[in-house]
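In what follows, structures are represented as structure tokens.
First subunit A sits with subunit B, and in the next complex the same chain sits with subunit C.
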Partner chain A sequence: MANTPDYSWPPMEARKVIGQSPKRLDGPAKASGRARYSSDQNPKDLLFAVYLTCPHAHARVTSVDTGAAEKIQGVTAVHVVSPAGTEIQWQGTEVAAVAAVTEEIARDAVRAIRVVYEVLPHLVKEEDVVQAGARAKAAGEVLKGDPDAAFQQAAVVSEGHYGIPVITHCCLETHGQTIQWQGDNVWVWPSTQDVTHYAGQLGQNLKVPAANIKVKMDYIGGGFGSKFSPDGWGETGARLSQKSGGRPVKLFLDRETEQRIAGNRPSAFADIKIGGGKDGTITAWESHSWATGGFTGGGSPPLPYILDDSNHPIPNKRLVHTAVSTNTGPFRAWRAPNNQQAAYLTCSAIEDFAAKAGLDPLEVFKLNLQYAPKVRQELYQYQFDKAAELSDWKNCWKPRGQNGAGPVKRGLGLGFSAWGGGGHTSQCKVTLHADGSVQVDIGTQDLGTGTRTVITQVAAETLGLPMAAIKLAIGSNDLPPDSASGGSTTVGGVSASTRKAAVNALAKLFDAVAPALGASADQLEAADGQIRVKGSPSKSLTWAAACKKIGAAGVISETGANDQRNPQGLISSGTGGVQVADVSVDAETGIVKINRYVAVQDCGLIINPRLAESQVYGAIIMGISTALFERRFMDAATGAMLNADMEFYKLAGIGDIGDIVVHMDIRPENDKRGVIGLGEPPAIAICAAVGNAVANAIGVRVPHIPMTPDHVLDALEGRNA
Partner chain B sequence: MQAFEYSNPASLKEATGLLAASWGEADVLAGGTDLLSLMKESLQTPKRVVNIKSIHELGGISRTAAGLRIGATVTMDELARSAEVRGGYQALADAAAGIPSPQIRHMGTVGGDLCQRPRCWYYRQGFGLLAMKDGKSLVVGGENLYHAIFGGGPAYFVSASSLGPALIALEAKVKLVSAKGSREIPVKDFFVAPRDENTREIALRPDEILTEILVPAAATHSATYEVRQKEALDWPLAAASVAIHMKGPVVGSARIVLGHVAPTPWDATAAGVWLAGKTITVETAEAAGKAAVEGAQPLSHNAYKVTLAKTAVKRALLAAAKVRA
Partner chain C sequence: MSSKKDPGRSRQAKAGYSRRGFIRGVGIGSGALGAGLLDKTAEAAPAAGIAGPGPVPITLHINGKPVNLTVEPRVTLLDALRNRLDLTGAKRVCDRGTCGACTVLMNGKSVYSCSVLAIDAQGKAIETIEGIAEPGKLHPVSAAFWNHDAQQCGYCTPGFVMAAKGFLAEHPNPNLKEVEHGLGGNLCRCGTYMGVRQAVLEAAKNLKAQGGKNG
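Presenting the complex of A and B:
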């Protein structure tokens, strides 16, 4: 092909499959239990592996005696992960692992391993930064303008303390894999967000060529940013398999260890001061923030969130951030890293500022959009208005203290979000067979977001076929390489690569068919199951008849890639969203109930509105869980995580969610930007909106998420230090 | 899990014969909702497990001349749906219905509800029932959000029993049977705040089986109110059961018992006494709630539970008296 083909999306009004809302293709398999997750894989001769973990938050391993465990009948292998001399920095660290013919034997064997520790001093709590002492380290200071003078001159100054705790990912399918290392080859069924790169990373640890490692994953039971690498358990599982004569080994973390070490969202705390005019215009910002993401510190929310465009930021600001190192499990990316924290801290402080000024926070947010990136200002204005309309803000929002005389107070609160997106590197192969069948191969993974469905829609749209005509393969490293599903980049990557591969394959088909239709290839189009001459629909061949022209012996097989070059506007990045929580707070129990939750969200061109809405529902459910229930309890004296379970690590149930109203912002001006990912953006603003709604309802700020009875009543009864 | 002998006796006599004089030898299995997790965590490692679900005489709810007899293996779901219970023992029906897990309602038994071990996270992680380390209570200096506000230690866990407060308010007794004989004790005396690590939080002896609950007939108005944050799969943060004998339009006598606030159900006798001779209104119910929490000694993170207990009493009284707030 001499010229670059036209890969651009068909115009909105001409689309037949894209923009429609077919149900997710893997829905029935998942709902019926037929879907086999990696933790469901039970190959012949499977062994079970269990970890022994360290009970201390900080310790040095003095000795590990596995003798008794090795002698237990049914034990096939013991592997020491942390030999004598290892310094352990958090509870739950893997010390040794056992493979056995049953899970029970493996657990008994683990209990028989004798480990001697030298217990060392630990720090596991960071809420009080002063108590962190030397473990708290300065981690950045920004000064702009003259904040001290600006606060002096400001007509309204508000000050507040806010905090959002460490929470865990709490994936329902815990981290791990079923793995077999036999001779020079490794077969592995991991629970991973990155099928393509798993082999390369595991191979380095095992000194096995990546080419010898076969990776397969059909379904994943939750990742949320915590499952990008093979982790230690990939290597440990493989070594146990090898030591067991090459029998396959299932090593998935138990819930307790999952909660302790397999990922968490960093905390963030801040004292924030805002100054501004009587009209609500912010002129000064000062924040002293701190956070922990575990031993390495981590967690630095971008403040002030969104209202910080480099060309026209809030004119006077002072930002001081401190990183606290704790002896707790390490953080991992949690659905929009740093953004949930930043949104909570910023939106809470702005709501308090509005209340201090006696203004409607909706107006204050809108007024201060002048500090948001120019390209997004109009979008946010529209979204604030839309969210206000859908939540009936005008009628339902009342100033603080005017929310009912009885014990149950109603309140409304706002939050907003921004996210990038873009598309990750992706390759797709489209094969057209002479019998008319169509194969689409792409080494990606479906995190439950609907990736299978949208790839199939893009291929069907491009080839002018129904979705049922497309046979899709994903979830294997035998397929064309894709990338990690993270940062909301998957839909951009796979939709662009699939579009290009399908356009390329179609061009080849047009070449084969053109003579029979008495036209040139560039006069042809694929639509409604036909290849036909544009403008002369009578000159056509059915898809099956057209594919016969490929020739019985031949196939058309073409690839397409999404790379970092701009793929003709197929995809883009930069989304915005505005959310409103409508809550009731029982002031006699501190219990917060969600009445209604409104989310307005853009994500460019939407391939499947139903799945997009579903993504937003999922994000809001997860977000409400974080806003009302989730927190990690660390015990200062013992260094233990006390709620490493699903009993006191509380998650929302369906009865706790309330009504969710989702408005996908589908407008031509958004559509023309191309496809943008949606995994993360709708999960950002929920703690912000719920916290603000609670403050609005009861008239005082509840500083710390989650909005639990203790936090709410402590605020109402004046027990906050 | 440590290997154990499993026995499945068909009669009570056989079952009591399988028990031993000290803890750690044999454990009784009914619904298994607590025992199995205790065994998996190696918190209890019995050499023998005695299943009592096959013993017919331990089941069933029946009306007797004296009131109500509830067999120990009656499930919480059977209890919540029983017409006999709902007919005159609303506090009990409320308490059983409040258990927000269908699995536990259907598997868990009334005997198990009374005998279950505390949910204290220090205890469950192996730091002991009193959670002492280097002579100091881990609870007092640590994470005590869900712990006791009454009792003053050394035990700071809260009784996990859902039925205990209601049964005490209704002045019920439990029957405890061993190979040597049987005894009946008030439910109030069944719960014990242990003073040391080797004492259990219930009066059951290791060779005894709790066989039935006897609730006296009484023309009472009763109710239980639980404060629970989540709609499902969550423990109450505080609860109150009340039973009122009316004397015309005023309260003749009242018993108010709090749940999840002390190592035992907490009998707020003074509040009941205060209520005698008064009509139940929003104001008197609120005042009774205040009286019920007098003397509370909240720990560093659980002062909020004082408010919850107060609210639970108020709302239970209003529900029992059918007064709309």
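Presenting the complex of A and C:
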């Protein structure tokens, strides 16, 4: 092709498949139970593997005796992960693993392993930073202007303490894989957010060439940022397989271990002081924050959230952050890392400031958008107004203390968010066969976001075909390389690469059929199952007839790649959102109920509105779960996680979520921005909005998420001052 | 050591034990077990006329057909389905009767198959998601879940579909509140409850249109 092809999206009004809401392609497989997840793989001669994990939060392994375990009939291999001398820094660390012909025998064998530990002192709680002592490392002070003077001059000063706890990803399919290492080759069915790079990472650990590792994953039972690498269990499973003569091994964590070591979101706590004018303009901010993400510290929410543009920030501020190292499982990425914590801390402090000033927080948020990035100020103004309209804020919001004389108080609260997105590196191959069939290959994964469906929509739109004409393959490292699904970058990456590959393939097809239509290739278009001359629809060939021109022996196979440096208008990044929670709080029982939840969500070009809305609903429901129920309980005395299960680690159920109203901002000016991912943006502001609604309802701040009865009643009794 | 269905509440409580943990603990060989804080030694008093501890032959009636298999008495129905019979629609998620991902129907009632022993499921009609529709076809409940996008990662979906089927058999005309109550024993992590609510209401309507034939 002489010229750079035009890859741009067809205009909004001309689209036939993009912008429609076909049902998700893998829906029937999932709803009929026939979808085979990696944990459902039962290859011939399968062995079952079980871990022995460390019960202590901090210990040194003195000895590991696997003799008795190895003698148990049915045990095929024992692998020691943490040999004598290993210092263990959190409970649940893998010590050894056993493979056996049944899972029950593997469990027996694990119990027969004798491990002697030297138990060492631990720290597992960070709520009180003073008690962390030397485990707390200050990250230094950020100072701007003269906050001390600004607070002295401020007409209104509010101070508060806020905290958002460590929560766990709690993927329904635990981490792990089914794996076989036989001779020089490895076959693996992992539960991963990164099919393409799994082999390279596992190969390094096993000293096996990545080219010898075949990775296959059709479905994944949740990841949420916690499943990017093969982890230790990839290697352990492989070694057990090899030691068992190359038989395949299934090693998935049990729920308890999953909760302890396979992913959590860092906590964040802060004492925040805000000063400003009577009109609600903030002039000074001071925050002393701390957080833990486990032994390595981790977790540093950007404060103040959003209202901190480098060209026009809050003029006076002091930020002090401290990272606390604890003997707890390591943090992993969680939908919008650091943003949920930052949104909660910031929005809570602003709501308290508004209450202190006797102002409507809606007006205070809007007024202080002057500190937000210029490009988003107008958007946020629009979104705050839209969210207020949809939540009937003007009629329903009442100042603190005026929310009902009876025990049940109603309150409204606000939160807002910002996220980037963009598109990850992605390659796609589109193959057109002479019989008219179409194959689309891309080494990505569908986390349940609808990736299969949107790729197929893009290919169908571009080729002028119905979706049923497209055969799609994903989920294997034999396919053109894609990237990890994280940070809301998948839909951007795969839609751009698919669009380009399909345009490139179509150009070759146009070359093949142009003579038969008596036109030049650049005069042709693909639409309605035909290749036709633009402006002369009578001069056309059906798709099948056109593909015959490829020649019986030939195929057209073209690739397309998303170029992150030059997305060519197909995709972009940057979204904002505003959300309102409407809650009822029973001041006698402390129970919080969601009445209604409104989300106004900015977006780009929407390929499938149904699936986009599902993303937003899902993010909000997950957020309501974290706002009302979820926290990891650590026991200071034993160092143990007390609720490493799903019984006392509470998730929201179907009756806990109230009514949810989603307003997607699908307007032509947003469509022009191209595709933008929606995994993280709507997940950010829920704790902020719910916490503010509870404070508004009962008239006092409940400092710590989740809004459980104990926290609410403590606040009402003044027990958390 | 032998299997025993009633381990005694007081001992469980003292050892900080779950019922599932106990089920797994019984039948293991004697001798010292893992050391440390969470030492989980469990002993069951011998009793007469009981199965095990070794594998025993059993017959399960699954999706209308008798299936013979040999399992240790401690094996749960869920593990028998998934690990022995390659019926992987029911999922192991919480593994202790909390989340509902393993839901199957036993004599028409929803049960958590992680909390039923395979040997105790003998003589009962067991229906798994694989049995509610022919391959390539969708049961009306499954179809409604698809129609309302009541699934994302989909790992909870088979359990939800079976729980909904069992619920609708007893509540053919549910309102929204009843759906929320009836499906309260199933958990989703991706957040598909909005779709599930609508799916169950639509399934109720469609099943009625079919003449009340649920499955």
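The rule we apply is simple: the second predicted complex is superposed on the first by the 719 of 721 C-alpha atoms of A that agree within 3 Å, B and C clash if a C-alpha of one lies under 4 Å from a C-alpha of the other, contacts with A are read in each partner's own complex, and residues count from 1 in each chain.
Keep in mind that, in the parts below, a residue touches a chain if its C-beta (ideal position, glycine included) is under 8 Å from a C-beta of that chain, and two chains touch if they have at least 3 such contacts.
A quick note: this is a predicted structure, and the numbers were derived from the prediction, not measured.
When the shared chain is aligned, subunit B comes close enough to touch A:Phe629, but subunit C does not. In the superposition on chain A, A:Asp714 makes contact with subunit B only, while subunit C stays out of contact range. When the two complexes are superposed, the chain touching more residues of subunit A, out of subunit B and subunit C, is C. In the superposition on chain A, contact of A:Ala640 is made with both subunit B and subunit C. In the superposition on chain A, contact of A:Phe331 is made with neither subunit B nor subunit C. When both complexes are overlaid on chain A, the residue A:Asp40 reaches subunit C alone and has no touch with subunit B. Contacts of A:Glu588 after superposition: subunit B is touched, whereas subunit C is not reached. By the document's definition of touching, of the two partners only subunit C reaches A:Ile113; subunit B does not. The intersection of subunit A residues touching subunit B with those touching subunit C, taken from the two complexes, comprises 104, 107-108, 111, 638, 640, 647, 652-655. Here subunit A touches subunit B in the complex through residues 104, 107-108, 111, 406-407, 588-591, 628-629, 633-638, 640, 642-643, 647-648, 650, 652-656, 708-710, 713-714, 717, 719, going by the rule given at the top. Those residues of subunit A whose C-beta lies close enough to touch subunit C in the complex are 23-24, 26-37, 39-40, 42, 48, 52, 54-56, 68, 72, 102-104, 107-108, 110-117, 170-174, 219-224, 254-255, 447-449, 610-611, 614, 617-622, 625, 638, 640, 645-647, 651-655, 657, 660. Taken together, the subunit C residues at the contact with subunit A in this complex read 18, 24, 27-29, 31-38, 40, 72, 74-75, 79, 82-83, 86, 88-96, 98-99, 101, 128-130, 132-133, 135, 138-139, 142-143, 145-147, 149-158, 161, 179-181, 183-184, 186-197. Those residues of subunit B whose C-beta lies close enough to touch subunit A in the complex are 1, 42, 119, 121-122, 125, 127, 133, 136, 138, 141-143, 145-146, 227, 229-235, 237, 301-304, 307-308, 311, 314, 325.
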